Amino acid sequence: MSDQMQLPFPLPSQAPEPAYFQDDGMDDDKLREECGVFGVFGHNDAAALTALGLHALQHRGQEAAGIVAYDGEHFHSERRLGLVGDHFSSAKVIDRLIGDAAIGHVRYSTTGETILRNVQPLFADLWGGGFAVAHNGNLTNAITLRNELVRDGAIFQSTSDTETILQLVARSRKPRVVERFVEALSQIQGAYALVALTNKKLIGARDPLGIRPLVLGKLAGAPILASETVALDIIGAQFVREIEPGEIVVCTKEGIESIRPFPQQRVRPCVFEYIYFARPDSVVGGKSVYNVRKRLGQELARESAVEADVVIPVPDSGVPAAIGYAAESGIPFELGIIRNHYVGRTFIEPTQHIRQLGVKLKHNANRAIVEGKRIILVDDSVVRGTTSIKIVKMMYEAGAKEVHMRVASPPITHSDFYGIDTPEREQLLASNYDLEGMRAYIGVDSLAFISVDGLYRAMGFTHRDQQNPQLTDHCFTGDYPTPLTDRDGEQRTRQLSLLAEIA
Amino acid sequence: MSDQMQLPFPLPSQAPEPAYFQDDGMDDDKLREECGVFGVFGHNDAAALTALGLHALQHRGQEAAGIVAYDGEHFHSERRLGLVGDHFSSAKVIDRLIGDAAIGHVRYSTTGETILRNVQPLFADLWGGGFAVAHNGNLTNAITLRNELVRDGAIFQSTSDTETILQLVARSRKPRVVERFVEALSQIQGAYALVALTNKKLIGARDPLGIRPLVLGKLAGAPILASETVALDIIGAQFVREIEPGEIVVCTKEGIESIRPFPQQRVRPCVFEYIYFARPDSVVGGKSVYNVRKRLGQELARESAVEADVVIPVPDSGVPAAIGYAAESGIPFELGIIRNHYVGRTFIEPTQHIRQLGVKLKHNANRAIVEGKRIILVDDSVVRGTTSIKIVKMMYEAGAKEVHMRVASPPITHSDFYGIDTPEREQLLASNYDLEGMRAYIGVDSLAFISVDGLYRAMGFTHRDQQNPQLTDHCFTGDYPTPLTDRDGEQRTRQLSLLAEIA
Amino acid sequence: MSDQMQLPFPLPSQAPEPAYFQDDGMDDDKLREECGVFGVFGHNDAAALTALGLHALQHRGQEAAGIVAYDGEHFHSERRLGLVGDHFSSAKVIDRLIGDAAIGHVRYSTTGETILRNVQPLFADLWGGGFAVAHNGNLTNAITLRNELVRDGAIFQSTSDTETILQLVARSRKPRVVERFVEALSQIQGAYALVALTNKKLIGARDPLGIRPLVLGKLAGAPILASETVALDIIGAQFVREIEPGEIVVCTKEGIESIRPFPQQRVRPCVFEYIYFARPDSVVGGKSVYNVRKRLGQELARESAVEADVVIPVPDSGVPAAIGYAAESGIPFELGIIRNHYVGRTFIEPTQHIRQLGVKLKHNANRAIVEGKRIILVDDSVVRGTTSIKIVKMMYEAGAKEVHMRVASPPITHSDFYGIDTPEREQLLASNYDLEGMRAYIGVDSLAFISVDGLYRAMGFTHRDQQNPQLTDHCFTGDYPTPLTDRDGEQRTRQLSLLAEIA
Amino acid sequence: MSDQMQLPFPLPSQAPEPAYFQDDGMDDDKLREECGVFGVFGHNDAAALTALGLHALQHRGQEAAGIVAYDGEHFHSERRLGLVGDHFSSAKVIDRLIGDAAIGHVRYSTTGETILRNVQPLFADLWGGGFAVAHNGNLTNAITLRNELVRDGAIFQSTSDTETILQLVARSRKPRVVERFVEALSQIQGAYALVALTNKKLIGARDPLGIRPLVLGKLAGAPILASETVALDIIGAQFVREIEPGEIVVCTKEGIESIRPFPQQRVRPCVFEYIYFARPDSVVGGKSVYNVRKRLGQELARESAVEADVVIPVPDSGVPAAIGYAAESGIPFELGIIRNHYVGRTFIEPTQHIRQLGVKLKHNANRAIVEGKRIILVDDSVVRGTTSIKIVKMMYEAGAKEVHMRVASPPITHSDFYGIDTPEREQLLASNYDLEGMRAYIGVDSLAFISVDGLYRAMGFTHRDQQNPQLTDHCFTGDYPTPLTDRDGEQRTRQLSLLAEIA
């Protein structure tokens, strides 16, 4: 879910203080997943399991977390800004989330502005009863639908496209809640992995192309839905299967029912789950993410070998590919960059004077390894290139003789509209420069990206099927898998309604 | 506006701490007004004036306060729990409320539970543009309407009956906002003084019976709406006139337009504004509230004289009537009870041991005045009688020889449904006991209430017109001025929707 | 106790926000008492009783409150900024204050800056055991002593002169704690009412002139020390006697012992306790404060009668004198000024525009009473005259035909150094103008103060004994009862030590 | 600095909430360094540089951080619980720390109780002027000295042994501040790296054995003191030299003066800085910490080879040794355990039911790597063995065929008293079991620790010199480098004085 609506009310209590130091941006030059979801039905520790599952999915969103539980009579909701461990580790909070069914959500951290009103799951007391929903992904026609709903008298409370789904459910005239949910889904376009909770059911739904992941697990007989398998691992749950693209799974006391109300399409899972988003210990679409990344490094070593003394990963996400590269090339793997893990809110140089010093808040060169060496620097991706410039400069300053950069994904040339936070096209390095231009911009002795076919090989395909691509890969190819209705239409920005507020 | 809906989500961050000391209840045995409203249009200091006006109306509600301002482009909203002076005195808050038009609201303080989600003004971005509304009063068919709206797909965010008005406006198919507002008002029953703000208009509306007050003032040409004249005094504004019962006033840049879309009815203003709610320095319905209260004391002295040494008011609300009683009777007026004004959150005895001590948190006998005297104790009203018992006991313990209690309103026998927080009938002293029973219960040497006709005389009438009573006086007579639809129907309690939350 | 030392560390977390509205100053033109103290020994509810006692003494200090309790093994301390009722009404706080002996302290509220580090009681773990102390009053040689102590290696943690007493006790070589305490007291000059708690004793001490008050009470056999009798009333304790000037009272399990180690002096209690500080329902030095104030009004009516229609008190402190004035003169007493009691943090006009409106935040004229009348305005004292100007202007604007101001204390011409917060002499109206000058400054038709002898008569003396004045009255006479060592010496301002800090 | 004194006052505002989930202990089985220090003199960005330096030293203490700056006239102090980046990244905080000289301190995080009053630097306004001090290390005679000082009239405000140093300076009769500081140091025993700031000087001091590290750097001519070189790297400062054991460095505007007032001793730096505490990218005593750790892994591979398929580090501290082990043994290095870095406050299983699930909060097995393999698990140290048991169990559950554990430090048999937080001896695994017992306890197929001589070899020595050991290594050998006065004496626990408090 995303923030497509403008939020014109000032949110003063969260206005960030003027920062003397800020992030050094060494991590900021990454794409960001926008959410993770989790649900469990029929387990006495439903809320606690959900908190643990969300903790395992924390890498998918650090801005906010929320859980809604149902106790057979009432729904209970706790939603907080911040990390799961900061807010959902106390008995006080978990004990308020009474019930044997729960769903949860983590949301990613924007820089600067924090959108308070969009913390999920959302809950509404509809005519037929309570309905809670949490969403990973992004709709491509949410604003279009929202404007129609407002014209029809709906009052929106958040800027989230997830509320659009909820308002559609509220307005459906179908008699049963699953039918109303299906009717709502039939109107939306884009990417979604959804978990919903009613007074009788836990529901999971995945978009027809399977862009965002969703898996089914089981713990002591209770069904579990989660964005990734690591959320099953943390609680010792058993992996059952992936929810299929276009499938709606309805868990009740009677068991699990599967519905496929929409016409079937060729599936196209998002390749960025493998490249960067998913945890390396997750298994996505039947493949170990760690092994895919190591194979990306191996392919890269094969495609663009270079003579050097040492292979150095850009920590932490470049490590598996660097291990693969080192193994394939026979060049030793060393920690030439040390990362400071104590970075909550971060820092940057305060005065022009200090700015010139080139403060290194998150990363520091390990001079004992770098000095006098020819190094191969392995990173998972390059977005704007801003981090790469800094890292490379740091390597030279620490005495590197040569720096050869190897990137374990193809050049990113297009923005995403399915739940990944990408910069505008103009800010993408690869949409502005050719390879030599990028090399010069970053300032390395040599630069190479893995090829699109190399990427598909690391994923286990022989090559990309140009007619029916096996993956959602528009960031590299510009080939978007669905219409982009909102982007192509002309949408008035609306102000946010505030029927209820807390201060 | 009131809280007719159940709020089943726990609101933990505001759960009151277990109090070792609690209120001694000496003030709690009062009826409570539920709100005050204020609005200004076309003044550069709109938000600051609104904050000042709300401060002057603080006695009408101490739970929460809110202001919405409009700057010609955006609406800005600040809503807070607590006193106006605690939150709206800082430049930081006022400066965020940009614009030359603003409305505001104060809300009364419930004991124990604080309903966060009901702080007003409410705001919604409707199809035609933004619409903010603040409400003093209570609807008698809000739940009935709400259930119809939910069935039709509306998602409610608060338990307030004010949201019902807003949802009705949102659903209206009329083309212009005033027409939509009128259509909404035509469906509601009960008492209301409303101020609303759109992108072009400040609107005021008063229910057809004029139960709740609303006045029009002017400052430097800018129209002002307020619950009482003291809100005009504080900013040096000029009083223009009362908004008439059933009148809708629309202020635009072009001037003030008056609409009377509903059939005219005989007006019946609420008599409790004079007895207790309004500030003594306000002028309500053309009458000085202080003088009405003094006359209530004088009527009381005439109706039920008694020999005594001293007239003592129950502070602070009994003071004007006691001055009137003393003047009429010739018995000296003295401060025999001293009130501790430093009472924020309050206190009660912690252990059984201390409980027996009879702790006096808010009031203390002034023994030098009371000891050895025959005293006349004057209070404005008696609700449950619990305060009276304590005050009287305190007088005897301080050495009073005789205590004669005189009450400046008739016995309260019926509950209110129009914006006054009254206990259930069973808890009203006068619906359980006759006069002698009450005297014995309170434990005084004599007890007298003003008669209903005495009350009407103090108000300037010769007597109550039984056919067409001149005042809303059901608390004394049981004569309700409108149907009580919700009370008489059978309404399902619903759970609250939570599309947006902050924690 | 007072803040004689500069506090140069910024205290940012308490830096007041820029206020859009501020106090209208209508109450600020008063002298302020700096503290109240309370102690109880041998009662199971020691902390709860102390909280209640401090609540009754809240008028003596609203900035901060603190309690130290002793459970036979450990001392427990809770100290907070804010009102007693805001922090010491919760079971959580009181339950932490374990023990059957406790002392407490309330401290007055400075404007703007709040001195966090000076909240009392202070506690130190001395060689002989724990020692807690709370102080009402002010020393006149504290800085002189402090500089000597710092030169000797003492590290001060607060700016309070009370810490000087504690450091003197710590350094004493006497073997027993009472002896060490007496040795410390023998070195200090000024005014003090002290309560102290050790692991075996509750100690009370009053300066040899008896400038600040301290009374002894009893509840269920347990001795109680308090600044005023109202702190006994609130818990139903029995008044036993005043602590005599120069007396040290030592309460142990064995009983109460009285020590008088210093040469006896003629006593001179502070007259301002009667005029303004003490609660009207307190009995100080055997006299009802309310009755003294009424007599001040009566004397004033006799000394400076004037023809008028109505007597109006400046609320709230002018009310008893106004009642006395009205009774003596036969002119009716009326509430011509209404006070807004909902004033926490307050307000002032934001822009030049609004400033010209003359915003009335705390007081409003009751026009129905004032209009067309000749009024006598009765106030307890005039300090800078700033409030008087505003009140008088308000009366004329509400239509008063004549305003005659009568003040129930003599003109204040000198500052205090004994625990009353007075402005510099240059800011005192009466040290700048003669009577006619003051009348013109305030802008009234006539102005009169009570005479010094009138004041002594209202106190029950025939006149002031010029050789041996019966009262501490230097504010009116310049006759200081002790040397002013610090003021007359030259003292280096020191920076505050910060061995321990919380932020 | 350490907390040797009992803190008997409850510190309620920081009482940790009852945790539903708690730490899984996977990181807790480590020794913890207690502090890091930093100082700079004569640079316009003194406070900002100090904040950055402390951020680089954050691994030495995460409980609290503080900075004191001096602007030529006043000292400014900011001390906070929490991470440097959370509190010292805002311009608001840094801008209050005016001046071109500053010192700072980070402090480690205890579990459960947080000692608020001990946040450093401490500051006192001594007779000669202000004196601020920050301390890494621990004194072994602090309680003994403290009791003497209290007997002499000193009032202590914290439980920290650093305050003892400050009280000794305050009491010194020497005329000049450096002399007073030297006199204080001459009385203390134990380990210390100190930075102090006066109104003219920045002073650094290191204990005669050089147990704790302290380095001198330079930035644009301004001298810098820091616990580790990474604090120089982050601001681009130049490394000058180590402060020598027993040396006192005095930086003034005139330059840097070095004093060596104590008899020279053979130096014995603490070996744990190399094994675990210092950051791998630091250079301590002229040696790259990363390279020492890699060599520890290589020595280990030589001392205790084993046939296996894969070398897996326990992240993150076991990584360099594992890389060394893999390189020496030729067995591939793989990430078989994935760490969740989003762990603020942490978690543990809530109910018995969930407890049995074996929740993995911080670490997860990477099954794709582990399953069916013979693995060598490399860790830096084993303290209680609790983490090892869990990690090993996780490996077997993920399908490991064999688990061989290799530890890059000798068995820990003795507690530390010099600033490392060690459990009581009884809790140390190696003081309870022999090697086979430990192997069985941890449950591995084989277990080996590096030998003491292997450790000395990795440090560049041929072997341990038994007469004059080159390192402080009592944790492995029981050979303490100084007397343990407090431990061997009998010391009364005292209560904490509270002259100043904030709540």
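We just call them A, B, C and D in the order they show up, numbering each chain from 1.
Everything that follows uses one rule, which is that a residue touches a chain if its C-beta (ideal position, glycine included) is under 8 Å from a C-beta of that chain, and two chains touch if they have at least 3 such contacts.
All of these numbers come straight from a predicted model, not from anything done at the bench.
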Neighbouring chains common to subunit B and subunit C, by label: none
Rounded Å distance, subunit A centre to subunit C centre (Cα mean): 62
Computed distance of Cα centres, subunit B from subunit A, in Å: 51
Shared-contact residues (touching 2 or more other chains) in subunit A: 92-93
All pairs of touching chains, each written as two labels joined by a dash: A-B, A-D, B-C, C-D
Of subunit B, residues touching subunit C in the complex: 17-22, 44-45, 48-49, 51-52, 55-56, 58-59, 62, 83-86, 88-95, 219, 230, 233-236, 279-281, 283, 288, 290-291, 316, 319-320, 323, 327, 332-335, 338, 340-347, 350-351, 353-354, 357-361, 364-369
Contact footprint of subunit C on subunit D as seen in their complex: 8-10, 12, 66, 74-81, 92-93, 96, 116-119, 122-127, 130, 150-151, 153-158, 163, 166-167, 170-172, 494-503
